[in-house]
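These notes open a run of structures that come right after.
Look at the two complexes coming up: chain A is in both, with chain B in one and chain C in the other.
This part shows the complex of A and B:
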């Protein structure tokens, strides 16, 4: 793989929360790479560390409990200069320069991610003027241009409207417009369609694919919906209990799921026309502060061996860039 | 095809939507529907107009001593005279001074032969309006040498009505300036406390607890007594405001802390951070405007507290000093039962205090109901 094509490399990333119940290893030894212009999907159920991973990349881990305790997040910016985000001061100017300008983010709840007291135009303009030296008029023109780009009709009128006048799908479009207004190299989308209904979801996903083609940014999409991943992603990282358990190209993953958890996830998808009871993985996610010995998935795994309960599996290379963290493939 | 339909529906929707309605317009709309709040606003407007134009509206200067009419009761305004003749212009009878031969107390009786017609724009005591120009024009009054004491006179023979108007300047502004100062303290402390949390939060909250657990009046008195008596009255006045506001910010800070605690977890704050907005800018541009409606409501409801505080301090003789006057100072004359018996009109300033406090509370309640315009 050509090194110049890699936008972001996450290696050995550990983000821990120091709580009264002990250390919660929300993200524990996570590795992945994001290529330029490509989409990485991060899949997993609630509480597996997907969002914390994305917050770590933005250095937005909630203080004072959370902390990036180890690993590197190497970001290669415009001129090929390498920055280790994990080493930057979260409140420093360098990090603020990266946020919004180099890496932008959209959130799960479009209802609350816009400030209710400002018109949407003002909010996009604020973001633009933070990173670009534009006067108010030019920034407003740029905001209208962005709103048009994300398919908001009558953008010249809508720009003066307040968040409460827009529907959920519209708000998510505004969030995308705001995130993309500074031409970021990476867009992190944290469950961008979870709060939206399916038709709007389809529109938003289509929009993201469309914009990626036009603007050429990389996308890191976080979701629990394998359908979204199949539609959008080039590569997929499956997370379980703070670890990436399987990492593969999207087609390869769907064709050849190696980790029992991934297999379970794929089997749990509803199939239209099939009226049998939906498959579900038995058991629950272990508490991250009290992880069992060995493989965290062992207790729910049908094929668990003795070694699974006593020793943690290492990452196994299964060829074609496909890697899995499981004793069954060691 | 699918996309086209969507775009068409959306653009139709866009045309039917009214232009951007900001939070403030929504608040205003809802506030104006509340009659009680509106009438409160009118009363406040009248009171402040009285304070602004006090020299012109009052028939006498507040320091004019009428030594012939000490503790004279209010003179009744009449339309009909002794001979049942109706006058087109209201008038008052002059006073006859008598002495009760049993108690040797002076009392005043209406002299039905002397009639002073009340006129508009009469010439009376000269004054310098706001220190700008000198004039002797008064909106209403009787011509010299006649006298008209609408609310009677006090123990030194000064017209009470004029003094209430002059006093409202102090009483009504103490609340405004005091609340303004305590809003600045309270907002700063509350938002800092809620946003940063941890040790900062702990320290600020403990300080507020200590402040709020002091008995209020003794603490006021102690602080007010610390103001040097030889100071210029205007500095004493500012000192009193400062004392009131230093002790009044705790409640606001507490409420704002709670609001910010809830708000900092909201995604728009995270989104602002993700856009690279700096911490001071998040506080000033995102947290303060979102709390502003709350701040204004608490501020409005705190104004009457301040006014009452000033009244209480002045009543106890620790507040405003002569030559300034305030409603509290005027009421301090009515501390004795003897005065209440012989000159009950000296209690009239109480009605001004009550009207002001009620009006501010009505407006505050109306604002509170209107401040959350999205909850319908």
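This part shows the complex of A and C:
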């Protein structure tokens, strides 16, 4: 793989929360790369560290308990210069220059993601004026252009409206417009369609694919929905209990799921026309402050061997850029 | 918006009418009237009054007429701008209000500014530095301010002022300035005295506003749109002051409506202790002595303040939050 094509590399990333209950290893030795113009899907159940991973990249891990405790997040910006985001001061000028400008983010809850007391135009303009030295008039023109781009009708009028005057789907479009207003190289979408109904979900996903073609940014999409990954992603990282357990190109993953957890996820999808009871993975995600010895998935795994309960598996290369963290493939 | 304000003013008219009736009844509810209290005081001093004098006095004050007639006499004159005569002070209520209103408004408005200017920054600091030693210190001071009664606080300041500076900061002016015409020296003298009542009356209000501001801001800082603002690359200062604080001000503004009359009348005991020329202490005496016209008129003034305060609060709220619509 050509190095120039890589936008962001996460290696050995560890983000821990230091709580009264002990150290919660929300993200523990996570590795992945995001290529320019491509989409990485991060999949997993609730509480597996997906969102914390994205917050780590933005340096928005909640203070004072959360902290990036190790590893690197190497970002190659506009001029090919390498920055290790993990080393930057979260509130320093360098990080703030990356945040919103080079890496932008949209969130799960479009209903609460926008500030209720400012018009959507003001909120987009704020972002544009912060990073691009435009005057008010040009920034507003740019905001309207962005609203048109994300398919908001009557953008010239809508720009002056407040979030409460828009539907959930419209608000998520506004969030996307705001995130993309400074031409970021990476868009992080943290479960962007979870709170929306299915028809709107399809529209938003289509919009993201469309915008990626037009603007060429990379997307990191976080979801628990393999259907979303199948539609959007080029590569997939499956996370479980703070670790990436399987990493592969999307087609390869659907064809050849290696980790029992991935297999379980794929089997849990409903298939139209199939009236049999839906499969579910037995058990729950272990508490991240009290992880069991060995493989964290062993307790829920039908094929667990003795070694799975005593020793942590290492990452195994399965060829074609496909890797898995499992004793069954060692 | 203008239609809304107009509607609110129209709505206030029946409210004021009911308050005047209830107020009148309440003040007259204790047995006897001003004259009975007055006669008891006289006989305590050993003076006896013959029946004829009593009847003359009754007729003069209109106390010989039925209650409803007394009410209409009072409210009729009130609407014409004549608030009647104070029995106790033997002066027209209009004169009393004219003499005492400026000082009252001065103390009230200064206190209001004091509470807001102290509470908002301290609340913001406490919320953004939650559980730091300064936050804890403000919490302790705040609870002290809430717990210590005003009259005690006033006495402590007086004693402290007397032992440290050699004179107690009583009243609003030093004796030589009380009747002097306005001058810069008089203004400076006023400021030297004003801080005491403002501090005494304002401390508990400030303390509760700090708690409200702190709690609200902490809630707002947890909201998703704050994360959005940070994810845009905004500095923490802008995230807090532009995005969070404006969303945390609602309950404070709502408080504003209640605060005006509260400070206005709540200062009564403080003004007795500090010998302030404000209406609060006069009101207290008037109610005790059943000085009907003075007490009733004062009640009406407080009600008007309440209505105006709430209207201002509602208008401010609409300015602050586009979701608030009035129609």
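The rule is short, and it goes like this: the second predicted complex is superposed on the first by the 330 of 330 C-alpha atoms of A that agree within 3 Å, B and C clash if a C-alpha of one lies under 4 Å from a C-alpha of the other, contacts with A are read in each partner's own complex, and residues count from 1 in each chain.
Keep in mind that, in the parts below, a contact is a pair of C-beta atoms (placed from the backbone, for glycine too) under 8 Å apart; a residue touches a chain by one contact, two chains touch by 3 or more.
In this text the structure is predicted, and so the values were computed from the model without any measurement.
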- Query: Between chain B and chain C, positioned on chain A by superposition, is the outcome a clash or a fit?
  - Reply: clash
- Item | Partner chain(s) touched by A:153 [first = chain B, second = chain C, both, neither] | first
- In the overlay, answer first, second, both or neither for which of chain B and chain C A:319 touches. neither
- Message: One more residue to check, A:80. First (chain B), second (chain C), both or neither?
- Response: neither
- Query: Taking the superposition as given, does A:203 touch the first partner, chain B, the second, chain C, both, or neither?
  - Reply: first
- Task: Look at A:270 in the shared chain and tell me whether it touches chain B only, chain C only, both, or neither; answer first, second, both or neither.
- Result: neither
- Item | Per-residue contact with chain A, leading partner among chain C and chain B | B
- Of all the chain A residues, which ones make contact with chain B and with chain C? 58, 60, 91, 96-101, 104-105, 107, 109, 112-119, 126-127, 130-131, 162, 164, 175, 178
- Message: Help me check something: in the complex, which residues belonging to chain C touch chain A?
- Response: 223-225, 227-236, 243, 246-247, 320-323
- Item | Residues of chain B touching chain A in the complex | 3, 6-7, 10-11, 13-15, 17, 19-23, 197-198, 266-268, 270-279, 285-286, 289-290, 292, 374
- Task: Flag every residue of chain A that touches chain B in the complex, lowest number first.
- Result: 58, 60, 64, 91, 95-101, 104-105, 107-109, 112-119, 126-127, 130-131, 151-154, 157-158, 160-162, 164-165, 175, 178-179, 203, 206
- The chain A residues in contact with chain C across the complex are 58, 60, 91, 96-101, 104-105, 107, 109, 112-119, 126-127, 130-131, 162, 164, 175, 178
